[in-house]
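Labels A, B, C and D are assigned to the chains in the order they are written; within every chain, residues are numbered from 1.
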């Protein structure tokens, strides 16, 4: 860590900072410049820059070491490939996970599974527990939904991803789903993600709508520090001042995460923009930018979906999109 | 609800929207303008504007009725006063809740309780379960912390507020704390807040760092729809592009909430700015803007606090601040 | 326009709003619902929703007609193709405009022109007047820079785009540049853009870092209302809470603008992310999302550039990128 | 400046950075830690962290010296008091500048002047040149408006503040106004502010809606570097995701600017919230937080104002507010 003293900081102020650093277990290195004195603290302990910046005579403090370790690219320079059944996320193939927002009934999920499997998706998505902004909205079918989802997947040779919202749901999700999905609103639900760190199934962690990339990696660190290294990150749009789209999808997070971390990153253009007619463009953009996978909402009859119909693709839209994605994947050295 | 058709929408497109509205249970009222046809849908059901905005021929759709009911000012035009022991939040008095970020040990919490009680606070705050961005930071003392907090409060005639992070902690918090505090990261942890709706103790709900005021009120609606009407809202800063302060405290949320809702609203300037030297200014601003209460971090020795030391006030700073706050409260017709 | 009255609004309040609407020249249509009365105002005049929302008894007010007309897709449903010399922006081809951030000297700009022309760019970019956050940074070569830029372009069969910062520079830019570029900081410099509306050369208008898409289209409207219909819009990143990248490039603005407006839209990934190693990914994403063109910073020796070296591509990076872009363009039915 | 090398950076990479720093004129100080090597560069030159962060082996780069000098608190630790006629901005008194959004006609501005003067304002505000988002909105009366404003001010013993939008308007504003107001949209119109640096009248510089405090101070630096040290800063709300208010007023900017700079800072609650019924609360909050002055929109008949009526106070609201502000000012050791 580095502490930059103010111009004109007194010797007593400088000494107080040195003493404090030493008491925290840092070795201190002092460098006296023309304008500013800089103190470098070497040690294993993390620190909070603000704690120093409020002390007398301090101008600014800087973290040198990343606050995350296991999630850092350095930890596995070659990158992580998450293997689930016969698929690999983070490898050469771009993995498409598609399906309806919610499981609504047997017919709906079976039709969805058939549609997405035929078009080339490897995983079916579908919520059984739904986080809804309003308490009066449809909240999901619960275990029944998970059963229907599993059956539909098995019938069509697909894997399953579904959202876990709460610690008590972990066993249920563990029984039916191949990947635990953590939604954007729960990215910093630390009790939940710590518990998922104790499981031995992959966790897909969506970026919170106001989470920095560093915070996303710190949440991954929570899961990994429990011993579960199979973490898949997901960009799904952040909240900005622009209101035309539901969120602003931060496509640049894809190459940024690739540089900072060894973990795979996928993109969710359906939530990223929230409008069906923009989903295809953003899915193509994500593949062009290097995503390891996609989460796409597809419904056999979006106009009558119980949730998120506005952002679900029609079956034929999804098929056409998959054709385009295959060609773009090839341009960036990948396959679908 | 209102659906505005595009300029040049065909009669078939208009009819399709009318049919859809009727099938959803709305009575439809059509108004044909020079440029646009507007369809008004009357009915009890809520709807998602985006679901209509993706349909052919639709320009925009607007919600007329607020998506929250119980949290709306209309529900209790006179305003809600939450009574806890001998204090009232939402009444004439501005209630100050102060104390350390975390309970660290017996001596620390006792000293904090004495300091804040003497200066005029009515409630002691202190975390036993701490949401921390990094898994390697201090995570709180758990039940032991709650015991120490309760004892310190009782000895000094204070009430207790402490954070609940997870459903399984509800009974424990219920046993030791007078108010359940829900942190910003859990404002949309729907399982947790729905469960708190079944309790019969007040809930203080902090605004998420990226939550609109409407979303805050919808989360209050979750609690209230379970029958627990004693909800206290809390502004504690939102995330913006400005990085000098930890968050940007949205002081205007105070008068806005007062207009939209009957629920009391308090302010947390410590988290709002994250730097001790700005806390007093923001606490004064909050009272001047009409807050019903304040949450302020105070530590007997902030330089050695285990968490959030940088934003905790020194005892003498807190005493001086309370003197100023009393005078400002009087200007706006309140007392402390 | 629509004014929704509050639940319980009195007849007198409703009548006052009707009178006000009539006095402003609107025909008023009243619709009485179970909960809310809605007043529809029909007329040519624009209005500000907030002006009604502060009146007694009003719940909300909604604009029905877009505040922009000439920039709206309705105005030219087929889309606008801006023709400049032998190129077309908004047609089948994706036009690449590339070159250094600033013109630094004759050798530098000549080398840049040769590099970008050979790789397939049609327009050379290069600033002679530079908006710099600090008054102590390099501010550009002025007219000398424009001369060098023009010569380098002509020698390599390129067109020229360069930034105009101020009304007095318009004649100079008009003499040397084929397109007037208006930077993000000047998108709402109304005196400047109104003056550009009187010119008869194309204007490329960059989106301000905090501008909504609607505001971007309103600024285009300023130019068009002066009679200059050759406006090219440009997405170059917006400011969000994420600090890892210089800005957050809003790729979804590309399909959104295509829907709302007939004007061509291009993307500037160099400013969008601010880091060389992310530019290629974002350029590919832009083409995949349907951009009509690209602005890319390329320098023969970025490590010694006088400005924006960190986001300028090396020559070989640009050539490799152009190869990828050509293939992606083909997937979306375009050429480069 | 400090450059932190990545874990595992090679000796060649480190040496390349050292060479580069030396070639830029820095003295370099190397500090080898357990994990990271840190290079400190000492020298007068400013640098752009991103330029180093894209180089091989570099983890991060940090500016130590603030990029602004003249605007920094260090430059005048005692603070700047701007004297204009018989008033002082930045001294003990909180200066209130009030009046309509736009000058509309003689009667209107005279009535406004009388109202605000009687209530205790010292300066009248009123726009003659108006930056409007739409080209179809009222754009101001121009010179005639300035004449009317000056006459109304003189008759009532007030000073004048009015907005300058463009270099060519500087002489006109100089002839009629006592303070040049630069609007939020022009905060980074560098040609304009550089030109104002050559004038010898105070400049009030409004913070751009997406400008960081550092950028605001850099724009002040532009004015000051021309020799005009009488700069008054103004917080008027920033753009965030919250849409209920027009902007989010960043009250914390007041104490932050006080710490970083010696320049006075005033607050504009009218633009900060955009709704009349929130203006009083935010004006009180600003004084409680330590503002040096206020800009408040007041109109004798806001319902018929040609611009910004929704945020203009009625005369009696302004008088009541002034009474409250006087009392709050006294609590923080100021007067009005």
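Following the convention adopted for this analysis, contacts are C-beta pairs under 8 Å (C-beta built on N, C-alpha and C of every residue); 3 or more make two chains touch, one makes a residue touch a chain.
Because the structure is predicted, anything quoted here is derived from the model rather than measured.
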* Using mean Cα positions as chain centres, tell me which chain lies farthest from chain A. => D
* Of B-C and A-B, pair with higher C-beta contact tally -> A-B
* So how far apart, in whole Å, are chain B and chain C when each is placed at the average of its C-alpha atoms? -> 38
* Where the CA atoms of chain B average out and where those of chain D average out, how many Å apart are those spots? -> 30
* To do: Please report how many Å separate the Cα centroid of chain A from that of chain B, as a whole number.
  => 26
* Residues of chain B that touch two or more other chains: which are they? -> 210, 239-241, 243, 277
* Going by the contact rule at the top, pick out the chain C residues touching chain A in the complex. => 210, 212-214, 238, 240-245, 248-256, 259, 272-273, 277-278, 281-282, 284-290, 324, 327-328, 331-332
* Asked: Along chain C, where are the residues that touch chain D in the complex?
  -> 20, 46, 48, 50-51, 53-55, 67-68, 131-137, 165-168, 185-186, 188-192, 194, 208-210, 215, 218, 221-222, 225, 239, 246, 274-277, 303, 309-311
* Residue numbers on chain C that touch chain B, as the complex places them -> 2, 4, 6-8, 29, 31, 33-36, 38, 40, 42, 59-60, 62, 64-65, 74, 239-241, 243
